[in-house]
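Consider the two complexes below, in which subunit A is the common component and subunit B and subunit C are the respective partners.
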Partner chain A sequence: MPLFGKSQKSPTEVVKALKEALTALERGDKKSDKAQEDVSKNLLLIKNMLYGNSESEPQTDIVVAQVAQEFYNNNLLYSLICNLNKIDFEGKKDVAQVFNNILRRQIGTRSPTVEYICTKPEILFTLVCGYELQEIALNCGSMLRECARYEALAKILLNSEDFFNFFRYVEVSTFDIASDAFSTFKELLTRHKIICSEFLEQNYEKVFKHYQRLLNSENYVTRRQSLKLLGELLLDRHNFTVMTRYISNPDNLKLMMNMLKEKSRNIQFEAFHVFKVFVANPNKPKPILDILLRNQEKLVDFLSRFHTDRSEDEQFNDEKAYLIKQIKELKPFLSSSTVTGTSVASPANINTFSTSYRSIDNVNDKPIIFD
Partner chain B sequence: MNVATLEKLLKPLSISLFICKEVSSPWMNDEKDGVSNDMGFHRVESDQIIYRNKKKRCKLIGKYVMGDVLGEGSYGKVKELLDMETLCRRAVKILKKRKLRRIPNGEQNVDREIRLLKRLKHRNVIELVEVLINEEKQKMYLIMEYCIGGLQDMLENSPGRTFPQWQAHGYFLQLIDGLEYLHSKGIIHKDIKPGNLLLTLDGTLKISDFGVAEALEMFASDDTCFTTQGSPAFQPPEIANGAESFSGFKIDIWSSGVTLYYLITGEYPFKGDNVYRLFESIGQGFISLPELIVEPLRSLLDGMLKKEPGDRFTLQQIRHHPWFISQPRKEPNSIVFIEKFKSEKYKRETILFVIDDYLLGLGILWITSILTLKKLFDRSIGMKVEKSDLKLPNKSICNLMLNCKVLFFIHYLKVRSFSFVNFSRTAKCKVPMYSIANPKKKKNL
Partner chain C sequence: MLYETSSKYYVTCSVMNNCFFDKGKVLLARHKTSRTLVAIKHFNLEEFTQEQYDLIMEEIFFMRQLKHPNILPCLTSYVINFDLYVVSPLMGFTSCHDLISAHFQDGLSEIIISFFLRDVLRALDYIHSKGYIHRSVKARHILVHADGHACLSGFRYMYSLPKCGSLNKVHHFPLHTSHNLNWFSPELLEQNIEGYDEKSDIYSVGVTACELANGIVPFADTSTTSMLTEKVRGVIPQLIDCTTWFLHDDDQYSKDEICYSNENIENENQKIISRKFSNSFHAFVELCCCRNISIRPLPKQLLNHSFFKPIRRIGINLQELLQPAVPYTETNTTELHEDVAVINDLSYDFDDINIYPEEWDF
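Moving on to the complex of A and B:
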């Protein structure tokens, strides 16, 4: 408590005043201008209690604890976020700062706010929906990323249906919102290795169906970012099972081969780092092997002229040389029976063979011809 | 003893260490002056002596100015560098091919280290900035992020040879972050120990020295390894007992556990007069934690130092451990500093002095840079620099000073039409290093 100056309101009073102002704002009657002013004023007071300002030091732990406790009791975090778009510009930033501070609070090994939000997950879902509104998207983003640092909260977010909204948000036309959403998206998918890999394994079909859309996006930035993230996810050892699953799907291989031929060199380069995983796989499933064999010569030819100006990058050149060698040495898939045996005896086999053959041709009609 | 022998005895001294405080400017350090001043024996008070090495030559490699030696390893020296384009401090590991060949697997290890490091980018893993090769001198320069010191040195200079728990906690958190990243990339470090954990100026921990690290095959189904060359005291029981294959990730967990134990107690959990005794003691895997280690740290160390790799904690378990989550209160009074780092305003910057000497040698005075600085200030910010400010430069002024000096230096080189030949990876590269010898002769710039 300061010794002199204006008598300071206690946390309880300030929070109560904020609560009342918020309710008024929510009702949206004639006095809403006044209410908005009150909200901002009280938010600033609370922010100064937590962070201190030029004149005063941040308050003691006891005051911070009181503020947090009042917030929980009044369910204020939720109502602040719900009404975020009605608060003025500075106020929005203050909300984010107050939220992040209270979230980081720790008593010994416990994080009370994290535990509190676990019981009120609607706070998280409202934050995710914040990306829909341009005015509050970035504020919500900063709060969400702070939440994503905590495993328990990240888990709730990943396992919610709302997570799949991110596939839409990262593609929106406003660049700063899209990239903010992407960094939250990436944080959620990479931060906590164990729960991320569990999530990807359990929701493989759904996630990669959505992910395919990102890779085919009209938006160059989305395409490039998502391709880069894909490489990072697949090459992370925690996601080993996901990787083996991904690289056994011939559609994925075709997509990567097409991306190798993209106009943008950056995309070509990123695609290379995913493509190499398909080729390096010692146990290539038949459909994958077939595609590679079909395009064997073209691929060798293409790769030997692929990004030749990257002479500085030794690692890349080694990998390229390795891939070329691997592709050159590819042998047709031999099962226990003879080659003729398989191709004649089982019609099912022929069928798959011809479909993959056809799909290659389709691909060839598009710009995939390696010339 | 006659005069001649006395002179002989004194000769090396008079060359390598002299000048006293009043006349500390290097250009006074001229033979002529030295001779003319007084022929006899000049008495210098012991506190007036400034020990000074033989005048440094200013060396350039590529776009870097070379500074002092930071440390020395079996492969060669580590020196400080300054990037003239970005004014970033860097460190360079200089490897001599001749020396490398003598070390078993030397060249292979270095090659592997470079390959590994190039793939890595993480806050807590040392960054390899670039690799330069000078074929003519048969030298290789690994240019790395600059680190001010390592945990081992700090421990050795701290009272009680330990860190306070809160400081060790901070470093341990960063170690685990870095380790998790390495493991996610399929890399097993195999030589985690305080000596390989370096700190940058802002106190960020960097895992370094990937000389014996191993990268798992991309399609390896698990983390089984067959070889290890790490430091004996940090090896787990399965290696001490001579197992043929072992889980790689668990080795790193064990050695991180030993490291944490060492940071807190200042001792190794296992001891032995020689490697055999040491391995015998490790192999038994019996550990008695000292009384001063209390819960929750006790159970963490216990979990990390389990004899059976299968029982040992995983990174995930460490992350969830109460000690890991807890935030020990900072006690600034108990902090262990990097030696000399506390009070030194230039943060052990060595290049500044090289350039300083050099500029002084050229007859460009310190005052010139101050004047430029003043002009710069007046023009851009409209702020005046008081003389008193210059006496005790604060951080930003220091940076600006440094800036000015380097600019001068570069300018000088350009005036003298030195071209900067970049290093190339090809064998035919020209001698790319300029050592500007004897700057005194170029006084009349």
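Moving on to the complex of A and C:
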């Protein structure tokens, strides 16, 4: 207990005060200004308990446990998120920080908050809907991405109807909100490999019907980012079944061939990384083979002129040379051989790409270079 | 006020500046709905690598999370074709860097600097209290409103301090910052096990103070390696005036230059040699650039420094002091009757559009 200054309130008292202020704010009567102030004040107190500040260290585990327990008992996570729009600017950010801290809480290998949210999935769905409101979209985004780190929560999100709202959110006209939604969307589709691939397999039709819209979006950023993500998804070996299905559909091939010729060089380049999978497939279905054969000469001609200035990108040039060779050697479909042959495509060729697929996310640890 | 996400709602007036390694443009525009002037940063994303794209995105996110009278806000951002537009309020006097290169090659006057740095320190106090380090305080990132108040910008290098009590140190070296090295603190440059914290920004404030006063950033003509060793040795950047001139053996103002035949340069130098900055200004810089981090104060403490006392005198008119610089305002801005997009069409490089002419045969 400090000798001077205010004596500290106990977590129970602060959480109680927060709950009362929040109820007043929810009611939205004349006193709502005062209520808003009280909410922010108590949020700050709780934040400082959890994180500490420049004057104090964060509190012991016992205090953190008490705060968390009080939050569960009062269903406070949910009411904070429901009323997020009414909380002031700094308070909104504090909600996100408090939420993320309580979420990360661990007892041994257990994550009690994750277990708690599993029983209250409405918390997750309310967060998703947060993307509809400009003022809280980014705060909800930061909480959602923290949730997506936990497999159990990611699974609930993926399997909810609300997940398909993301196809709309990633395309909204405000750039920062769309980008934030895209990061969350990507996190959900890539973080937990097993549940992601299960989700994609089980919902293949619906997901790719929606995904098609993103690839044809009028918004350049949406198009570029979703095409890049598509490449990453297909080349992830966990998604082998999904990939096989995707590269068997001639419409997808046509789309990629058209995207190879888009005005944007970045889109051409990303499309290349999807297109290569169609060509590398050792067991091409007849419709795919037919398209490639019909365009055999054009493709060879096109690819040999494709992004020739990328002479330093060795991997790209190797892959391009490989594709040209494959296309040159294409032979018309022999129906008898495939009937007797194995029906599962050999992943060997395709996987040569997936292991070395350039990952831009890993560049953050560059050494310093003085120039 | 709602700022729309379409170029229809903004009328371009002129191109003010370049930004982001000259890959972006800053446009002066009028927001039609509110009839106010705004600054719109325009980037052609097609020319950007994924890393650069991420940097810009990061900057917008940070701007969206900060709200303070001395921090440049982002009003909205939107994409049209390949272009990203980021709308901010107009800062009529543009950046301190621009002010210096246009009108104050020898540096700004002390009183102006104290106003600007007070605003910067207020912004830093807020940023630090939210758990961030700015890492890019420099004249280029101090923008001045037509009414004279300054705003901090340049948030793409900002970094979160780990949130765990009072012992906060980070080790991360900012990416793509070769052009910021002169402003970095020795502890940041050193990259040792002890790391650095928000006081690194205070060192940059000290360097920026010299930059504003001298008209040129300290170590400008020093090689990167010797800049690093000097900083680590504890050499403190200095304000150049009659008290420090002869201590100064910098290449920039070397004694040979005084004997240089060009009369202009001699006159310029004469002006610099004869001026005198106050003792508290010298002390302020020394304190900011103190090698010992425990002595270096936090923004709140620095705001009480005697350097800021003259600000309290009433009747100081910053706009007058900044003459001959004239801010962009309602009265001197004329509209070009074009959408924001129209001007930008000129900037497209059509030469690399060599779309394969043949149609695929499906």
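Just so it is clear, the second predicted complex is superposed on the first by the 332 of 371 C-alpha atoms of A that agree within 3 Å, B and C clash if a C-alpha of one lies under 4 Å from a C-alpha of the other, contacts with A are read in each partner's own complex, and residues count from 1 in each chain.
Note that in this section a contact is a pair of C-beta atoms (placed from the backbone, for glycine too) under 8 Å apart; a residue touches a chain by one contact, two chains touch by 3 or more.
If you're wondering where the values come from, they're calculated on a predicted model, not measured in any experiment.
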- Query: Taking the superposition as given, does A:D61 touch the first partner, subunit B, the second, subunit C, both, or neither?
  - Reply: neither
Of the two partner chains, subunit B (first) and subunit C (second), which one does A:E13 touch, if any: first, second, both, or neither? neither
Message = Just checking: does A:V277 make contact with subunit B only, subunit C only, both, or neither of them? Give me first, second, both or neither.
response = first
Of subunit B and subunit C, the partner touching more residues of subunit A is C
Discussion item. Touch test for A:E115: subunit B only (first), subunit C only (second), both, or neither?
Written reply: neither
Inset, instruction - Considering only touches as defined above, state whether A:L235 meets subunit B (first), subunit C (second), both or neither. - result: first
Quiz item: Of the partners subunit B and subunit C, which touch A:F89 in the superposed model: first, second, both, neither?
Solution: second
The residues of subunit C that touch subunit A in their complex are 5-6, 45-46, 50-51, 57, 60-61, 64-65, 67, 74, 76-79, 81-82, 84, 86, 129-130, 163-166, 173, 175, 178, 181, 191, 224-225, 228, 352-353, 355-356, 358, 360-362
So, in the complex, the side of subunit A touching subunit B is made of residues 106, 108-109, 193-194, 235-238, 277, 280-283, 311-312, 314-315
Note: in the complex, subunit B contacts subunit A through residues 115, 118-119, 180, 183-186, 216, 218-219, 296, 316, 322, 325-327, 425
Within the complex, subunit C is touched by subunit A residues 51-58, 89-90, 93, 97, 138, 173-176, 178-180, 219-221, 224, 228, 254, 257-258, 260-261, 263-266, 291, 294-295, 298, 302, 305, 360, 363-364, 366, 368-371
